[in-house]
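Chain IDs A, B, C and D follow the sequence of writing; residue 1 opens each chain.
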């Protein structure tokens, strides 16, 4: 019998992944049968998106096997594609060096597919967290392609479960554990103060004891008019004239033009931004606490679909990025239209908070994942499993 | 209305793909509404695998937009993974430069997934030829991951069709056109002479007017004992003491050790190889003609499953590489066991040729593909389509 | 006799190179015996440093063979080194594709050495502009290493000439043509208005009809305390309380921390920056016009040593970046010390403008270079030429 | 005072470098003040050139920090250039990871310049072994460019010493220690048997107790007719009809066509190769022992110039690869001409062995290098040192 510890490699390539997986990472780190190795690359190493995250990780005592700087500048599709390729090339070296038994891939970011490809070619067993969902953007393709490279699947909801099986994955290796984000959201008891949130970012102070909006609008990489789409939201917020906390978009193809538009507005039209605060990011606990008190979340963040379902926060979901995703009553989807966005926000403000939903929530998601990763029999040769006759999807 | 020609880019990365797709390439080249651009990379540029192929292509008058040398030496999984990454990085530049509307990806080789990933990240519409099959090796994962990145699917048989739909692809964009290989096989009227075939490769002359075996055994990249697996076949062939034409394995992780074993045997044990001829490759027409006259094809080539189904050539399929693939009566599958391989070959020799099968054959496969590529409405944003309640798979 | 046009490839990787070489590029473009191909990569493609430069180039009618996005984010040495490697890898493909007879490499930026290496390995004849100077930073190593890879040398002054010969270069291929920057500076007749200059950048308006300072301080990549070094200058400028136009540092290892320091000061200490305007860049003609009217140039830009020698502009050169460079009377060098910097600026303000110097100036530098590039016999095999007994260097 | 061990990184990229530097590596490994890290890449990891070398290194107890597969197939200039770039990119990660104080670069292979560039950009102190020589091929450019990036120089002869100073290097950091190859050659007491040497390679047995030739002819990467140049030598050897041990060429641009020519001759013209044995490589001790007994070394290996000077072995140096190198009486240089080569070999056979020369030899070269590496004060900012008025070079 092999009593060697199971070597689990966790590639971390964005601040967001670290935020949502930290309970899991902590439990993997503590597990007596697991030797956890973090591998860092992508935007998590870059100051402007992730100040101090890498340092935080190091301070937590987690083993970082290596860090690869591999984000190619440009903010366009070419830079995004080449970043993915370079990431995979470098992570191949990393995997070769530390020889993990298991590689844990997360979500649907473009570089995670590249990493999964590399791990598959090295005959590593791949575990994938958050497969099976349906959304817009390139994420939709990335997520399912990862599913077809992965051997162990942790999905967050029943719809995703059925889809992963439909795609031919082995039912013995697909686990609906609920969402790590929501496990974390449920645990966070942080009470956020106005002083605290205003210590981040630039712009004007927002009093969070009074009604305020939160905006998170990322580029949709399969669309070509991200700047115009941002404009619709920007105009709606300006028209509403409410205190607003605005998060800069994630680094993706299209981010540059969006960030520039915001920067230009700040610099040249101080009146319009007189009630806005612009924040790059906040620690995940404070982010949850913020969602808990904001009057309405506007934009296209998955937090609107997931965290807010559990928190009961009203959400105006703009455009196609989250299209098709299982969603609760708290979400209203609107097109890229200033009037429609403004009207939807007003309606949500009138409604106020919603009842919490358990669409994406199960208790102890992280423990369930750790148990599988530590104990399941590993395999590498995949084989298409004929899907069962399905119950029609919701 | 846009009357611009549709720009179709065809990445060619291996000799085999060029062989089987040449009818299609010719028709794309001739189509008045299509501007065809070939992009070369991978092993097709390397003398030892593809002597003269690149020159042939150039002579054919096809436009080669660029050629990228990107095969990393090593013959192991690390080299294979990094080759894929470097290929994708360079093809990203190529796609950026020629701005195709459509990228046509073929089959299930590791670098084709990397290329598909790059094309997807550049928001290109991707067409995939030969998706939906089930096999062993890493090909199984690669093939289905490409399906989840591709927008237009050309499958070769009914089983594959059902699987691609099960995986959530849009039924309006999945076409069962039959196999390009078989369309070509059906057209080839070349009569191969003993002199002709012996002008290729090294070793002893094989008289193809008398019974002889043909062996093609590639590495299975998800297995670690390719050398031992080769040994079983090698020993069976030595025991049978029949004239044999042996094709060198494809360049993949594991090829090095296999090729070295064969080289060593030739150099050090001339008696055992006294009836063998070793060939790197022959033009596809002569390859078909060879399959038509060989007494039995041994190994794990897909030609055994596909071309031989149409040609009625007896096949002994060794090991797991083709496992799960739809197959005709002409194929016997055996494990990596010298006795089992030898017995199966003897049984197939006793049986002789089989009736042709149309499992993978439809007339005019290439024309059907061209018609779709030229006329179908292109899209880029994918969306999971709930699969219909399936007829159970064969 | 070969009457084919000579194919000259000009890799452009930074805004600065394009600025100073545009007379040369125009003349190469117009020459009947030369087929000029520009190849773009590095920071010249990135909005934040080079907005519109690539577009300008395209509008000028110059042929751009290709553009490579290859700047790796990080702003540290690792990112800088990997950017150089990726640049060279991609330019290798570009050179392979366009097959130039001559590659023209400029100056001493880190990516230019990588490009020269690639060109040398492809057996291209390499021409180098601005070799032989002595400075600090990694530029010192880069510049001389390029010299040892290049076949044709265009130096800007007598000292550089002697050094290039001392290093073993063939005297028949070393040409002192004077500086392209100064040829341009001498031609520029643009009169800059206060309105014009204040249309660039952010911050407060600077009235350029009254005394004002200009600051350009780049990181020194071989030093580890760029932020502290910036601080000395920043403090000196704050103390002097004069209108100041401050240019953001070039993208190099160390830029990030410097830029952040400036950004932080602007955001959090508006009083201290109340007389400052921050500019990313201006067209080269307006830059020259600005140097012509500024009371003093402060920092470590080579423009202080070169352009200002011809323009007679007082310069306070801070730190080691330009150490060892041939310099005129108009330059005072000071250490990274707030007091010393402030005192030197005051002294230069008292002195006022200097007499123009011809240390780096010869008429028609660009025509001299074009004549050589068009007519000189090309060779590729280098051979160390024993240097003549030297006249001692200045 | 810093009592930390000095971290010395030794990148090994070819079998040849490991052979000649093993005394040095052993002494660095044993030194109490040095923490030695080997970093492997390039052809040393590839079976066909370096079987077992990597294993040998590991068995020797040396710490291998990492191994990078980065040789790009093609055997042409593009593949060579891209191999260098990929090597540098990956070694950048390696250097970043192990943070050496000193990087030791050897000789003049193309990938060593790329590695030196990467180390320089990371502000590492670079030591260079075997600078200052003059030869042909791209090696000439590579060697001197490395000199201009390196901080500490170990040259093997007085001419090289003077050249390195002429190029502006600091006289306090240039050390003439003699050649490591010759130190090793002087120590080797291995007596080679006929049986031993014939256990390597393929072809016919060569009786080394009787007269025999040894041929080593590498491609010259700055020439385009390596195959024709090989042909001249091949024909001369065929004409002489003497037992001959032929070493396959090193992996470089041009190797493919040369190796193929030899392979073709073996396969198709067994009569002409009836007295030839073809060997990929032998351990360095046996190589020295072989040079000691061969009647004449033919080709363009540096071993002809260096090792053979000390051993007194007659050498026929063919073509331009070693042109300009300081050489003893034992070497005759001839052009690529069958008659001239054959005549020179006959003349050398008539002459027989030469007196040993100390042109390249000093006792204890490796110890001298270790002493400097362990004790010299390290610096990173280079500065051109005006060369002294030189004694004219030999």
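The rule is short, and it goes like this: contacts are C-beta pairs under 8 Å (C-beta built on N, C-alpha and C of every residue); 3 or more make two chains touch, one makes a residue touch a chain.
Note that this is a predicted model, so its numbers are computed, not measured.
> Contact counts by the stated rule: is the higher one at A-B or A-D?
Spelling it out, more C-beta pairs touch across A-B than across the other pair.
> Looking at CA centres, what chain is most distant from subunit C?
Centre of mass proxy via C-alpha means gives B as farthest from subunit C.
> Rounded to the nearest whole Å, what is the centre-to-centre distance of subunit A and subunit B, using the mean of the C-alpha atoms as each centre?
Those two chain centres are 38 Å apart.
> Provide the C-alpha centroid distance between subunit A and subunit D, rounded to the nearest whole angstrom.
Centre-to-centre distance between subunit A and subunit D: 52 Å.
> Hunt down the residues of subunit D that sit against at least two other chains at once, touch-wise.
78, 82, 86, 93, 96
> Touching residues of subunit D toward subunit B in the complex: what are they?
Interface residues on subunit D, with respect to subunit B: 45-47, 69-76, 78-79, 82, 86, 202, 256, 260, 267.
> Which of the residues in subunit D end up touching subunit A in this complex?
For this pair, the touching residues of subunit D are 66-68, 90, 93, 96-97.
> Where on subunit D is subunit C touching in the complex?
For this pair, the touching residues of subunit D are 77-78, 80-82, 84-86, 88-89, 92-93, 96, 110, 113-114, 117-118, 120-123, 134, 136-138, 140-142, 144-149, 163, 166-168, 221-222, 224, 253, 320, 323-324, 380-384, 386-387, 389-390, 392-393.
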